[in-house]
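What follows is a structure written as C-alpha cells; I'll ask about it next.
Order of writing sets the chain letters: A, B and C. Residues in each chain are counted from 1.
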Amino acid sequence: MTIDRAKPLLLPLTVLAAFEAWARAAHLQSDSLAPPSAIMAALIGALADYSIPIATRDTLFSAFAGLAVGSLIGLALGIAFGISDVLNRLMEVTVEAIRPIPSIALLPIALIALGFGYRMEIVIVAFACIWPMLILSGAAVRGIEPRLMEVSRALRLPPAQRVLKIIIPAALPRIFVAFRLSAGIALIVAVTVEIAINPIGLGAGIMLAQQALRPDLMLAYLVWIGLIGYGLNVLLILAQRRLFGRAALG
Amino acid sequence: MNRTIILWRLASFAVAAGFIALWQLIANLKLVSPVFLPGPDRAWAALVHGFSSGDLCSKLIGTLEHMAYGWLAASIAGVAIGAMIGSSRLMRTYVAPSLEFLRPLPVSAIIPVAIAMLGLTQGMALFVIAFGAIWPIMLATIHGFAAVEPRLYEITRSLQMSRLAVIFKIALPSASPDIIAGMRLSLTVALILSVVCEILAGLDGLGHWVLLSARSFRSADLFAGVILLGVMGYATSLAMAVAENRLLKWQRVGH
Amino acid sequence: MAIALKRQEAPVSGLATPQIEFIDATLMLGGKTIIENLNLGVRPGEFLCIVGASGCGKTTALRLAAGLYQPSRGAVMFNGQPMLQPRRDIAIVFQDYGKALLPWRTAAGNVSLALEAVRMSAAQRPARIDELLRKVGLPGHAGKYPTEMSGGMQQRLQIARCLAQEPKALLMDEPFGALDAMTRQGLQDEVLSLTAASNATVIFVTHDLDEAIYLGDRIIGLLPHPGRIGIELSVNLPRPRDQLATREHPEFLRLRRQLFDFIKATEA
C-alpha cells in the first residue's frame, strides 16, 4: 500500500529534480525563475528573519477576522431565509443583485473609506464570505428533515430555542462544509487584496520580492502561500471528520 | 408563467426598490459623507454620463475582452488537458493528485510571477486570467471523464468505435454537466482576475476605472463602475445558465 | 482433440462447425476460478439458454463469448477464429438497460450510435432507425429520451440498438430480470420473432427456469464454484411457442421438473 501512497508524489518530485538539474547546468539567470534549492534557501531565510511569519500573521488575521464577520452575517441571514420562505422570496432580487459584484470591485471603495491596512481588507473578505455562507446555509436549513421541524413545532419551542436546539444542530454538517468553502475564499481574497494594493501580509511580500527582482524569494512566498492554503484546507477537513465522521459529507 | 411566481417576483423587486430608497435617504441625510457614499441618484447620473460620453462603454468592453479571451483559452485548454488526463488511468494515478493539491492555492499569487515574466502588459493579464480560469474546468473535466459509466465503454468495445469517436460521442457528452459547471465557476474567476490585473497593470477596463475614480475621490463614478461590474457578473452568469439549460436539456426530462 | 463429457453431438445436417465455441475455457479473476474447463459449442441460429444458481458464472460465460473477457486458459472461438476482442457482429443486451443507453441522445440517437459504428451513411440512417424502432414496438418514440421511457421500453430500445449492428450472434444477460411479468412475457415473444426472422444465434442467460424452457432450443445448467456444465437439456417443444399452450405442454412440465431438481441440488 505504501507504493500506492508514493505514486502521486512521483511526478512533482521528478519535475523538481529535473528543473534543479537544468537550472544548475544552464546557470540560470532570470527575474522570474529560480532553482528549487535557491527557493528553499530563500524560504528558510525568510522564516528565520521573521519576515514570512509576520506576513503570515497579518494575512491570516485579516482573513480570519473577515471570515468571522462575513460568515456570521451570512449564517444569520441564511438561517433566516431558510426558515422563512416568505423572507427568502422577498429578498431574492436584492441578494441576486448584490451577489454578483466581485468582492475585488469593492476594493477602491474600501480604500477611500478606510485607507490602507487591516480594516479595508477585513471588510472585503467579509463581503466575499457572506454569499457562500448565506446560500449554502440557507439550503442546509431548507434541507432539514421535515419531521424534525414538525417535532419542534409540536414541542412549541420559542423561536430562539428552535434555532439553537434543533435547526443549527440538524443543519450543522452542511453549514460546516459551507464554512470550509468560505475559509478557502477568505484566504484567496485576502491574498488577492494584498497583491492588488494592500501593503501588508503575504501578498505584499510576494509583490515586493518580485519588484526587488528576487525570483527565489518571490517563489518562496508562492510556495509558502500554497502550503498555507493546503494546510488550512487539510485542517478543516480533519476537523470535519472529527466532528461529523467520515461518512458525513464530501 | 405561474401567477404566484410573478407576484412574488414583483414583491421582491419592490423590496429591492425599498432598499434603494433607504440608500437614497441615508445619502440625503448625509449620515455617511457623500465623498464615500453617493446617493443612487448621483450614481445613476454618473452611469448615464459615462455611457453617453463613451467612456464607460469602452471600459466595459475592455474588461469583457480580458474576461472572454482568458476564459475561452482556459476552456479549450482545460477541456483538452482534462480529457487527456481523465481518460487515462495512468495519468489519473500520477498526475491528478498533484492537480488536486494545487486546487486550494490562491491563483492571484501567480500574478507577481507573471509580471516578472511578462511585465505589466496585456499578455500578462491574459496569462493570469487563463491560468486562473483553467483550474475549475480542468478539474471538472477530469472528474467527468473518470466518472463515465463503464457499461458504456463496454458497448464501445463491442461496436469497435475508434478512440476519437469514444471521446466525442461518449466521454464528452457524459462529462458535459461537470464541464459546464466548471465553466461557470471559471467565468467568475475570470471576471475577478480581470479586475485585479486591470488595477495592477493599469490596463483599460472597469477595474482601472474604479481605481482612478477612487484616487480622485469621484465616488459617483466609482459606484457607477462597481454597479456595472455587478451587472457584468450577473449577465454572464445568466448567459451561462441559459446555455446550460439548452445543452443539458436531456438531464431534466423524464420521470 | 479430447472431447469433454458435455460436448453437444454433431447436428444431423452435417455442418459440424459451431459458430461460438468454448474450448477448455478457464477464467480466473482476482485469484478465484470463476469458470473451469468449459467446453461448449453453439450452432449458428441456435437459441441457447444458460441457467444456474447465483454466482455460478453464467454472466461470466456470456462475457467470455462477447470477447469482453479473455480466458486465462483455453480459448473462445467464433467461426473457427479465436476471439481476442469484441466483434461488431456480436451484440450484447445488458440487464441494466438504464446504464447501457446514452441519456443525452434520443431513442433515434441511441439506435443511430450503432449505425454510425457500422459506417452507414447519414442519408440511409433515418429509414433504418424507423424500421428498427417499429420492429421492437417503439414506433413514434424516436424523439424521446431514455429517461422519459418505461423500463420495458428502454430494454426494447437497447434491443433495437443491438439489432442495428446486424448481429450474427445476440448475447442477452438476464435482459428481462428487472421488468414486471406482463412486460417480460411480451418481450419474450418479441425476442423469439425477431431472432427467428434474422436467424441470429442467441445465448440467453436467465435465472428464470420457465423463461429458459420457453425460449430455448437447448438449455445448459451451470454448477457454481467453479463454473462448469452440470446439465444439458434439449428442448423439443414445437415452434412457434405460445405463452399458454407451450407452458402447459407435458414436455414443458417434464423439463421444468428436471431443471428445478438440478437447481435444488446445486443450492443444497
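Of note:
Criterion: a residue touches a chain if its C-beta (ideal position, glycine included) is under 8 Å from a C-beta of that chain, and two chains touch if they have at least 3 such contacts.
Being a predicted model, the structure only gives us computed values, none of them experimental.
Counted as hops between touching chains, the shortest connection from chain A to chain C is 2.
Put simply, the chain nearest the middle, going by average C-alpha positions, is B. Comparing mean CA positions across the assembly, the chain most remote from chain B is C. Here B-C and A-B are compared, and the pair linked by more C-beta contacts is A-B. Centres computed as Cα averages put chain A at a distance of 55 Å from chain C. Each chain gets a centre from the mean of its Cα atoms; for chain B and chain C, those two points are 51 Å apart. The distance from the centre of chain A to the centre of chain B, with each centre set as the mean of the Cα atoms, comes to 18 Å. Looking at the complex, you find that chain C touches chain B at residues 66-68, 85-88, 90-92, 94, 96, 99-100, 102-105, 113-114, 116-118, 145-149, 165. Residues 7-8, 10-12, 31-32, 89-94, 96-98, 100-109, 111-113, 184, 187-188, 191-192, 195-197, 203, 206-207, 209-210, 213, 215, 218-219, 221-222, 225-226, 229-230, 232-233 of chain A are the ones that touch chain B when the two sit in their complex.
Contact residues on chain B toward chain C in their complex (touch as defined above): 149, 151-152, 154-155, 157-161, 165, 169-170, 173-174, 176, 250-251, 253-255. Against chain A, in their complex, chain B makes its touches with residues 8-9, 11-13, 15-16, 19, 35-36, 93-98, 101-102, 104-113, 115-117, 188, 191-192, 195-196, 199-200, 206-207, 210-211, 213-214, 217, 219, 222-223, 225-227, 229-234, 237.
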